[in-house]
Each structure stands twice: as C-alpha cells, then as structure tokens.
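Alright, structures below, take your time with them.
What follows is a pair of complexes built around subunit A, which joins subunit B in one and subunit C in the other.
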Partner chain A sequence: MLLYAGRRLTYGLLVLALVATLVFLIIRLIPGDAVRLQLADAPGVTQAQIDQRTAELGLDEPILTQFGHFVGGLAQGDLGDSFDDERPVTTKILERLPATLELGLLAILFGILLGVPFGMLSAIRHHSVVDNVMRFLAVIGMSLPNFWLALLLITFLALWFGWSPPLVYASPTEDLGQNLVHMALPAIALGAATMASIARMLRSSLLEVLGSNFIRTIRSRGASERVVVLKHAGRSSLIPVFTVLGLQVGHILGGTVILERIFAIPGMGSLIFEAVGQRDYPVILGCVIFYGAIFILVNVVVDLLYAVIDPRIRYEGASA
Partner chain B sequence: MRAPTGSANEPLLRIEDLHVEFRTGGGTVEALNAVDLWIDAGETVAVVGESGSGKSVTALAVLGLLGNGRVSGGRITWDGRDITGADNHDMRTVRGKDISVIFQDPMTSLDPLFTIGHQLVEAYRIHHDVSKRKARERAVELLDLVGIPEPETKFKAYPHQLSGGQRQRVMIAGALACDPRLLIADEPTTALDVTVEAQVLALIRDLQDRTGVGLMLITHDMGVVAEMADRVVVFYAGQVVETGTADEILDRPQHPYTQALLDAIPRRDTPRDQEMPAIPGAVPALNEMPSGCRFATRCSQAGPECETSQPLRDIAGRQVRCWRPDEERGALAPMAEVAR
Partner chain C sequence: MPHPMLRLTRSQARTAGAVVAAACLALTTACGTGGTASGKGKIVEDAGPPQDGGILHTAATADAPSLDIQKEASYMTHVAVGTVYSRLVAPKTGKDVAYGSSELEGDLAEKWSKSEDLKTWTFNLRQGVKFHDKPPVNGREFTSADVKCTVDRIKTLPGHQLGLVAGVTEVATPDPYTVVFTLASANTAFDQTMANPFMAVLPCEGTKGEFNLAEEAIGTGPFVLKSWKRDQERVMEKNPDYFIEGLPHLDGIQTTVLPDAQAQIAALRSGKLDMIASLSTEKRQVDQLLNQIDGLQLRTEKGITQTRVFMNAEKGPFSKLEVRRAVAHAIDKEGMIKALRSGGTLTGPISPTLFGALPQDEVDGLLEYDPEKAKKLLAEAGYPDGFSADLVATDGYGETILREAQWVQEDLAKIGIKLTIDQQDYATYVSSTWPETKYDIMYGLQTPMLTADEYLTSEYTSTGTRNWSKVDDPELDKMVAAQRVITDEAQREKALQDIERYIMENVSTPLPLYAYDTQTLYSGKVHDYYPHPDYSSRELQDVWMEQE
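Here is the complex of A and B:
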C-alpha cells in the first residue's frame, strides 16, 4: 500500500515538473513584454531605463540561464519574486490560496451533495420521468460554460428577486455569513458540471452493478433494497465516480480563474488573471505550479481511494 | 404421480400453470408456458433442459427476482401460502430464510469488495436479530460446515483470494446460513472443474442428509441427474415436457426429447468413428414458438397430430407432453419419414 502510494506520488511529481517546464517556456512566447507593460504608460521613459529594468528582472539573460535560476529556486522552495510588487510569489499565492480552496471545495460539495442522490434516483427509477428529466438536466449542466451560468444566475436572481451577491469580499474569519452568501453563486456555477458528471456516471455505473450476479445473490438472501443499493451496489459504483471527481477538480480549478474575477473574490484565480495581464512571469508560473500540484495531489488521493475501496487493487499494488 | 392436493400432503413448493413473460425492445416474449412442478420437503428434484428452456427463469420466478420479467399467469404456492407476484417486501421474508439459491457462476456471484466473512455475517443477520459477534460465530461454523479449511483465517479473505470451488462452497454456506427448507441450485457445478464438481455435489448431498433441506437442482448434465435426483422435470422451450421419478425417466424416457437428451450423452464404449448423437436444429426463438408441439421440428417421431398443442398427460406412471410417447408409439406407424 505504501509502495503503491509512493509510486503514484512519484509519477505525480514527474508530471508537475513537466508542466512547470512547459509553462515556463510558453509564457515567454506570449506577445508583450513585462517591462514595457510596466513602464509604457509612464511619460518620458528612456530606453536606458527599460534596459535597466529588464536587467533587474533578469530578463536580459539567455532563456536557459533564466530557467536554471528558476529551477535552482524551486529546489529550495523559492518561486521568485513578483515583477509587479517584488514580494515573494509564495507569499502572494498563500494569501490568495484559502479563498480559492474554499470556492473549489464548496463547488465540489455542491456537486456531490446533489449529483449523488440524482444519480441514484436516476438509476433506481431508470427510464422513468424522473430519470429522463435528470438526464436532460445533466446534459445541460455539462454543456453550459460555468461563467455563462454564473452570469445567468446573477441576472435572473436580480430580475426576479431583486437580489444580487455582495460586492465586497469578506473572508470566512471576518464574516462567515457574508462570505458564504458571496461564495454561493460561483460555487453553484462551478459545481453544476461536477454535479451533472457525477449524476451521469453514478447512474450508469449503478445500473451496471445492479444487473450483476453478486447483487442477485444478495437480493436472493432477502436483503433490503437499501442494503443492496447503498451498501453493495453503491460501493462498487464509487470507483468511476471518484475518477470523474478527480478530473472535475481540474475543471473547477480552471473555472476559478474566471469566476473569481466575475465575483471579485481575491483568490488564486484572480491573482493569475492579473498576473497574465501584466506578464508577471514568476506569479503565473507559481500559480500554475500550485494549480497543478493541487490537481495532481487530488488524483493521487483518488488513486489511493481506489485501493481502499477495492481489495483487488490493493493486493495488485502490493505484489507489483 | 400428480401431487396430492389435500392440505395434509401439501408439497413444500407447488408451481401450477406458471406463465412468465419478459419485456424486450420488440414487445413481450413468453419465457415460461404453463409450467407445473412441485417439490416435497427433503426431496431432490432435478430440472433438466437446454440453455434457454426456462429452468433458471422458473427458479427466479419462485424467488420473485425476475427483473424486467413478470409472472403473467398461474400460481406459486410455498408451504400452502400463495406467493405468486408477492411484493418485494413479502418476498424478502422468504428469500434466504425459506428458499435459498446457489447460482451458476461462483466467480461473479460474491461481492468482490467485501470479505467472505462479512457476506456470511450479513446473510445470517438479514433474518436473525443477533449481535455481530454471534453472527460471526455462525459464519465460521458455516465455513467449517462447507469444508473450508482454517475457517477462522478464511473468514477475512476476499473472494478473489479463493479458488472457484472454494467460492462455490462459500456460496453454499451463504445459502444455508438461515437453515432454509428448500435450496435451489442453479447449475452449481457448470463453471467448475470436473474434480471439484464431484466434491461440490458430494457436499450438497451431505448437507442435505444432515439438514433435510429440499433441493431443486437445475442442470443439463444427465450424469448429475442420475447421481442426485429423486424426481426429474424435463424442460423444453419454456414448457415441462416430461416429469417422473429419476429411475423411470432415466430407464424408460417417454418423450422423444428426453430420449434424445439421454442419447446425446457420450459413452466410453462408443466407437470413435461413430458420429456423436446430437439433436438436429435449435430451440425455436421465444417469439417464434409453433402453436403445436414445440419440439416437433426437431423430433424424429413427429406426425401430423403434433401440429396441435398437447397437454401434459399421465402416461406410464408419469406426465408427458407428447402425442407419440414411447409407450404408445408401437400402435402408431412411424411418421417421421412421411412428415419430412
């Protein structure tokens, strides 16, 4: 089991290293120059000043040297300093991380809390009206872009109920109530696709399991449908659902970038949004590494959960 | 041979004129057509026939586990109580407690995610309100009963850690957990090696001797029938075509289908160059059943009267669904050549 976990984690770190390298190169391909963007508006900027600033930021060095610095820093847990305010990137990200994590967790929670019962109901009453409505809603939930859904929610809540989300962000420690009210809409918009994916996946995997031989055995012994569906079929259906959930975390993290912007949430999403606008390379890179690390970590956990759920995977892992 | 109808001698399980149909994409098909069958306490009844002849459907109908099928006619009586189309809630008190079942494929019939001990404890606790510790003792006892070595250790094993034969033993243990009065064994050894097959059959017979449980043994293996059965019910295409004691049926089959089944068993003394006796053709599809005898198109004895449907008749001390049973065939001219 430990070996299995270790191997998954090693793969994850390799992927992360690859992602970091790629992003490092790609952001330097984005048109626009960090220095010019910073200084362009100021009147009377001379070429000498631009050159000086470029040298300060280390952008005059060959790209491989820059990469070497970056990797050297990374090895010591240093992601460099922001081009913008010259504060350490890690500090900036850690300030913003909690809001993003909260939003992401709320979105996932929304997806699970609604997606699981919807999927179960759909499977138990398959081909009923309830099932057909759920499946239709699931397709819509999966196809709507989250930012558009968010805008729809804002618009119609304002139109019909005269209600709009608060404009000023409050952290959960300041005012938990206002914080949750603020987070509700973006979390729903973000979690809708998760809910739909979970419902669909759970429906199909439950249906498959419910038709299997061992379920027939358990029914033949007089077990109640509650035991059959929740305990036996439910557990067997969990693996594909966790797989979907692991992938959905990626969508949700991506979604935070736009949604935090729309709802003025000071999280990592809005940080990377600003950083891209200013070509703040170290911050972009740092955010991507954090996003990647979260995604990879979640999927390693999902892999480990497989083994917890299914003893066959557990033993396979131990012997391999 | 007909089961007595008086309540004093009421058989354990009685199936009368049972019809079962399944909903499919293209409408409904009838899987069982007028099935009659009964099983007395402690007796072993072999249900034989080809795949798709309705043997397993009969078993599932008794347990109310037809899935998208339904009983469309007839009656199932358990211990004098009508359980035809009983709702799930009522059937749950019968399943596992009165009637248990062992399925064909032990490899997929146990939940792979729970230990076998857990599954046995669960089977026992469904019908017994006892502590987990008590149920655990019962589970270990059951594992011992079905001949699993080191039952205390094996209690914690997962199904994938056991061999096919051991898994089938665990299935049997689960089926017997609540001391049922009838055990339905649906081709319990088909998926097993021949050596293991003999062990499992011996185990079932031994348990039957000890517990007095009735046995409905579904099989297509006439060797197993000869070994185990008191009585035999022969299925063909959703109907019972012949039923009688095992001795009668094995020694003097009346229905041409039963005869053909028995002839199809390869023997050691059959010369190699002799063609294997097989029944020509295939079972007609459920939605294309002929209105007359369902076996007529494959029957060597078929005559013109076979185009009209025939009821089960008492012939030579048993029931046969045939216009031209062996017993009466001497009086009739063999029509096979004429009919073809």
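Here is the complex of A and C:
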C-alpha cells in the first residue's frame, strides 16, 4: 500500500511538473505585458523606464533562461517574488490559503451533508415523488454554474429579506461567527454541484447494490431494511461516491477563483484572479502549483481510502 | 480499481437546460418589476442644518495599488487617501458650485498672489494647522518646509506628475507661513496646477523616508487613516484637529473593496452600504434600484470620461482621413446615449467641462449623424462598397462598453464597413493592443485628464506619450506647442479651440464620441454630497448623515 501511494505521488509530481511547464509557457504566450500594466497608467512613463522595469523583473531574458531560473528556484522550494509588490510568492499564497481551504471544506461538507441523505432517500424510495423531487434538485444543482447561483442568492436575499453578507472578511480566529456568515453563501453556491453529484451517484450505485445477489441473501436471512441499507449496501456503494468527491474537489477549487472575487474573500482564488489581471507570472504559477498539488493529494488519499472502505480491494504490491 | 463513469441521459440533460432557462426568466421578471423611475431618486436639497456623527459606508470596485499619492498614477490611490491630505489650494465644491468648476478656494493656503510677470507665485499659509497625530509626525504643526519637501520629492519621481512642477525653478520659504514659487516661464494658471490632486502636501518625515508613504498616509486633511487592509477595507476616522472649524461632520468613512457590482448592489439594498459611487452605469439597473429602495438619492453629473473610437492612422483602411471622418458621421451618438446611457454630452478631444473646449453646438455639428455624408466620404476614400475589419473592445470596462461596440458595429455596417468584434481581456487590451497599436479600429474609454493640454500633448502630437493611434501631423505638433506659451486667457482659449477643430476635421483619431454622465447612488439619510471630478474626495468633509 505504501509502495502504491509512493507511486501515485510520483505520478502526481510528474503531472504537476507538466502543468507548471505548460502554464509557464502559456502565460507568456498570451498577449499582455506585466511592465506596461504596472506603469502604463502614468502618461509620462518613458521607454527607458519600461526597459528598466523589464530588466528588473528579468523579463528581458530569453524564455528558456527564465524557465531555468524558475526550475532552479522551484527545486529549492522558492517560487520567486511577486511582480506586483515584490513579496515572496510562497508567503503571499500561504496568507491566502487558509480562506480557500476553509471555503473548499465548507463546500464539500455542505455537499456531503445534503448529498448523502438525498441520495439514500432517492434510492430507497426510487420512482416515488420524493425521488423525483430529489433528482430534479440534483439536476439543477449540477447544471447551474456556481457563480450564477451565487449572484442569484445575493440578489434575491437582498431583494426579499434585505439581507446581504458582511462587507468585510473576518478570519475564523478574529470572529468565527461573522466568518461563517460570510462563508455560507459561497459555500452553498460552490457545494451545490457536489451535493447534486453525490446524491445522483449514491442513488444509482445504491440501487445497483440493492439489486445484487448478496443483498438478496442478506434480506432472505431476515435482516431489517435499515441494516441492509446502512450496513451492507451503504458501505459498498460509497466507493463511487468517493471517486466523485475526488473529482469534485477540482470543480470546487476552480470555483473558488470566481466566488472569492464575488464575495470579497481574500483567498488564493482572488489572488490568482488579480494576478492574471496584472500578468503577475510568478504568482499565477505559484497558485497553479498549489491548486494542482491539493487536487492531486486529495485524489491519492481518495484512492487509498477505497481499501479502508472496502477491505476486498487490495493494491498491487501489497500482501494479501 | 473501480472508476464508474458519471452518466447523464439525454432526457436528463434536456431537463437541465429547461430549468436554467426557467430560472433566467424568473430572474429577469423579478428584476424587471416596477415602472419608470420618474420622481424617484430625487436629491434632498434642504435637509436642515448638518448633524455631526455617523460612519459613511461606501464601496470601491478595486483597491489602491499603493497609498503613495504622488508616485502612483492610479486614480484609485487618489480616491483612497484624498481625504487624508490637503493641498495649498483646492477646487471649490458645494451646493452653489457647478460640477467640475475650476473655481478655487484656499486649502492650506489662506491667500495667494502672482507677480505681474506671472513668474512668481506667493502662497500665505494658514497658521496652527496640525498634522494627524500618528508617529513619526505626532501631530506637529504644518509649515512651509513641508511644501518644499513635497515639491522637491515630486521632482525626483517618474511619471507625468513631474510635468506639473517641471517649470518650478525655486521653492523659497522666507518664513514658516509663506511659500514663494519661482517659475522658469510665465504661467497664468499655476494655482490650478497646485490644486491638482497630485499636489497633496506631505510631511517632511514622509518625503525623507521616516515612514513608508506606500503603506501609511499622514496628512492634514479632514480624515485620519485608521487602518488599511489591502484589497479588503480602508477605515477613516474624523480628524479632531481639522483646520476648518466644524468639519468634517462624519465620524468616519469605511470603504470596502467589493469588486462585484451585484454584491455592491445587494449591500446597498440591505443597508450595509450608504453610497455606491460612480456606478458606470447600466441605466435599467439604476432605475430598478430607485424603484426598490425608499428614499434612495441619485446624483447624475456630466462626466468627463470620453467614449472613444480609436483608429490606426498609420496603416490599414483607417489610415485614410476620409474613412475616419466617415466613421465620425456614421455613428448615431445621440441614439447610443439614449439607449445605453443615462445621459451624455457629445465631445471633441477636449472634454466639454474643461477650459478650451469648443462650444457645444459646434461639436454637435462636427460630429453630426449623417450616414449619407459618411457613405460619400467612404467613396471618396476609394471604398464605395465598404470593407471588412476587426473591432477590438474589452469587457474590462463593463457590459455597457460592449453594447456600445455592438452599436458602432451596426451603424458602420449601414455604410458598408463590416466589423467583427474582437473581445479581449482587459490586461491584453490595455497593455498590448492599445499601446502597441495592434488594431485597425477599437472602441473603449480614456481615463479623464484634467487639462486640455494634457489631452492634446499626450494623444495627438507625434511624440506624445499616449499617441497610440499613430497620429503624425507636423502642423498639429506646432499648434499644440504654441498654445502652451500663450499667457492671455482669451487668446489661449481660442488657440485650444482652433486645435480641437483642426483635430476633428483633419485627424479624427482617437475619435471621442461623448462624455457619459456619471451616477452616484446614496441612501436617503446622506446629505450635502457635492462631488468634484478630480477624485480627491475632499468634498466628503461636507457630507453629513441624519442621526436617528
């Protein structure tokens, strides 16, 4: 199992390296110039000043040399300095990471807490009114873009109840109550799709398991429906749900970019949003690497959890 | 290892589509309730005597990149810390002062005078003015030395603000309450220069680097910067020692950075915000808000931001003057204003509120909507059947600009110029396409400048720092250089108007269409808000809020 985990992590690192290389090249290929964005607002800026700033940022060197510096720094765990305020990228990201992780976790929590009961209910009462309503909600949840759902929530809560989220973000240590109130809407908007995916996946896999031979055997031995669903069927139908969850982490991380912007949450999402607007290459790259690493790690953990949930699953290399 | 595929049947997918459509419909209906805004949004002019107290909650769509009011050219910096500082003189604002008026009043200076040859300007300063009580300045008295420190510092900084004091050869401080400026050449309006928001007077401690001007602001203005959380909020507190007796009325100003317009609007609805400034401006949305929020006041001002058609004068079909003139006549500007803006004024290169602008009827004539004339001009240029080109626009200025670009597209199609809109992200547009003139024709905005000379020199002369339409007209270069040294006000105004006329007839790029009206929405309990377009926010010292 350790061997398996090691191998998955190595693959993960390779993927991350590829992603970083690709993003490094792509952001330099898209038009837009970090120096001009910094200076162009001042009408009196001369070409000499632009050249000087370009040299300061190392943007006058050939792309391969720049890439060399980047890889060299990366090997030592140094993501470079932001073009914008010249602070280390790692510091900037670590400041912003907690808010994004909190938002992501809340969204997943929302998804699981609603998605699991919805899915189970749907499966147990399949083809009933409850099932149809749940499936309808799930389809809506999966189809609505999260930012649009967020705007609907903001607009209608203000319109109907005169309520809007707090203006200023407070970290959980500063004011937990205000923090959670602030996070509620973006977490719901972000978690809606997760909730829907989990509900749908759990419903179909539970139905499949409930119809299988071993459940029939268990039922024939007189087990109550409760025991059947929760103990026997529930467990084996959780595996696809975990797979979905692993993939949903990607959607959630992506969603933080726009939702943090809408709700003025100082997380990694709003950081990368600003960095793209400023063509702040080191920050963009740093954020992408962090996002990628989180996604890969989560999915490795999910894979390892399969064996915990269902002991029948063994990974190659592990002794039986 | 099991990896089941996620399945969505075709019928389920169809349901999903229908649901989205239904929700869209619900949204528009809900948002579209109410009729016109007639009678709504009226500003309460006579709210009685000002009351002290209260915190004004306002929002900004982006934060200032830094707080250094002289190093940073961004107007967002000026908006952010304008109320912290004072200038020697400042534009007058108030109930009886026209918006954008260049009438001045003393700020740190009590009175000022100019010598006969216009080369020596003397400012007599107020006595007993205290800086904010923050280390390392600690509330010490402001003196003429601070003015000298400030001007000396500006001279060391890059950027166009240097141009403002380039003519100053000496700053003398004969005593703590007198500053004498000696200029290299006569300047009839040096007091206007000193009223520029860049001319905020800093304490010498700041210019000498005893604290970081990019992160801290200590001045003599009506409000003290209490805290700044970058990209989140700025908190201002009343300056208890402010040199104008009885001001400011507010206990403080809290500005939250809310990039999303919908989030700002929601906060206005819920009463968390008292004011949304310079919402630029979806007419329909403003009408809705006025219908929905009781007592909401709307201030509409003649704006100075010009909408522009930029055409490449160097190559491509638009390098022909006749084509550019045809474009000027082919676009129905009045129609655009009516349909897409809450108001606007046709403009030449010099915004209508500025000194030197052409009389309005003449501008209207030069920009007249006349598709027949446009077609004729196009034929003269050798394109009787028109041609095709890409029209660049960005979503970085908001939706309205894209709609205007579509309007331009439709109008030009009528005379045979077939445009395809190339929508770019703001960073690409502003840092590459525009300054590197990578376009044939482009639609967008120009950040307002504060004097006629600034517009003419930077954009229309061959060596101008923002000559990004590749204008190259030696005659025009000469005219622009000549107006700068005219001392007689009437003569200079005429020279500026001649230049403007010349540009509209013989250059026609960048081609300004109109300056659109700006709007500020604020709650019914906020009174005496008389803004000025210079972004200094000094007018907030007069604002007061009804106390419950």
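Here are a few things to note about the model shown:
Just so we're on the same page, the second predicted complex is superposed on the first by the 313 of 320 C-alpha atoms of A that agree within 3 Å, B and C clash if a C-alpha of one lies under 4 Å from a C-alpha of the other, contacts with A are read in each partner's own complex, and residues count from 1 in each chain.
Operating definition for what follows: a contact is a pair of C-beta atoms (placed from the backbone, for glycine too) under 8 Å apart; a residue touches a chain by one contact, two chains touch by 3 or more.
On a predicted model such as this, the values are computed, not experimentally measured, just so you know.
After superposition on subunit A, the partners subunit B and subunit C are accommodated together without colliding.
Contacts of A:3 after superposition: neither subunit B nor subunit C is touched. Once chain A of one complex is fitted onto chain A of the other, the partner contacts of A:232 are limited to subunit B, with no touch recorded for subunit C. In the superposition on chain A, A:243 makes contact with subunit C only, not with subunit B.
Touch criterion met: A:164 reaches subunit C, while subunit B stays clear of it. If you stand at the C-alpha centre of subunit A, subunit B and subunit C are 150 degrees apart, rounded to the nearest 10. In the superposition on chain A, contact of A:55 is made with neither subunit B nor subunit C.
Applying the stated contact rule after C-alpha superposition, one finds that A:264 touches subunit C and leaves subunit B untouched. Touching more residues of subunit A than its counterpart among subunit B and subunit C is C.
In the superposition on chain A, A:133 contacts neither subunit B nor subunit C.
The superposed three-chain arrangement places the nearest Cα atoms of subunit B and subunit C 13 Å from each other. When both complexes are aligned on chain A by C-alpha atoms, no subunit A residue touches subunit B in the first and subunit C in the second.
Listed in rising order, the residues of subunit A touching subunit C in the complex are 30-34, 36-37, 40-46, 49, 84, 136, 139-140, 142-144, 151-152, 154-159, 162-169, 197, 200-201, 204-205, 239-240, 243-244, 261-264, 266, 270, 274, 276-279, 303, 306, 313. On the subunit B side of its complex with subunit A, the touching residues are 63, 65, 67, 88, 91-97, 100-101, 103, 105, 108-114, 122-123, 126-127, 158, 160-161, 171, 174-175, 177-178. Contact residues of subunit C toward subunit A in the complex are 1-4, 6-8, 12, 15-17, 19-20, 23, 27, 30-31, 57, 59, 65, 73-74, 158-163, 229, 231-233, 254, 256-260, 262-263, 265-267, 269-273, 292, 424-428, 430-433, 435, 438, 447, 449, 454, 458, 465-466. Residues 211-214, 216-225, 227, 232, 235-236, 309-312, 315 of subunit A are the ones that touch subunit B when the two sit in their complex.
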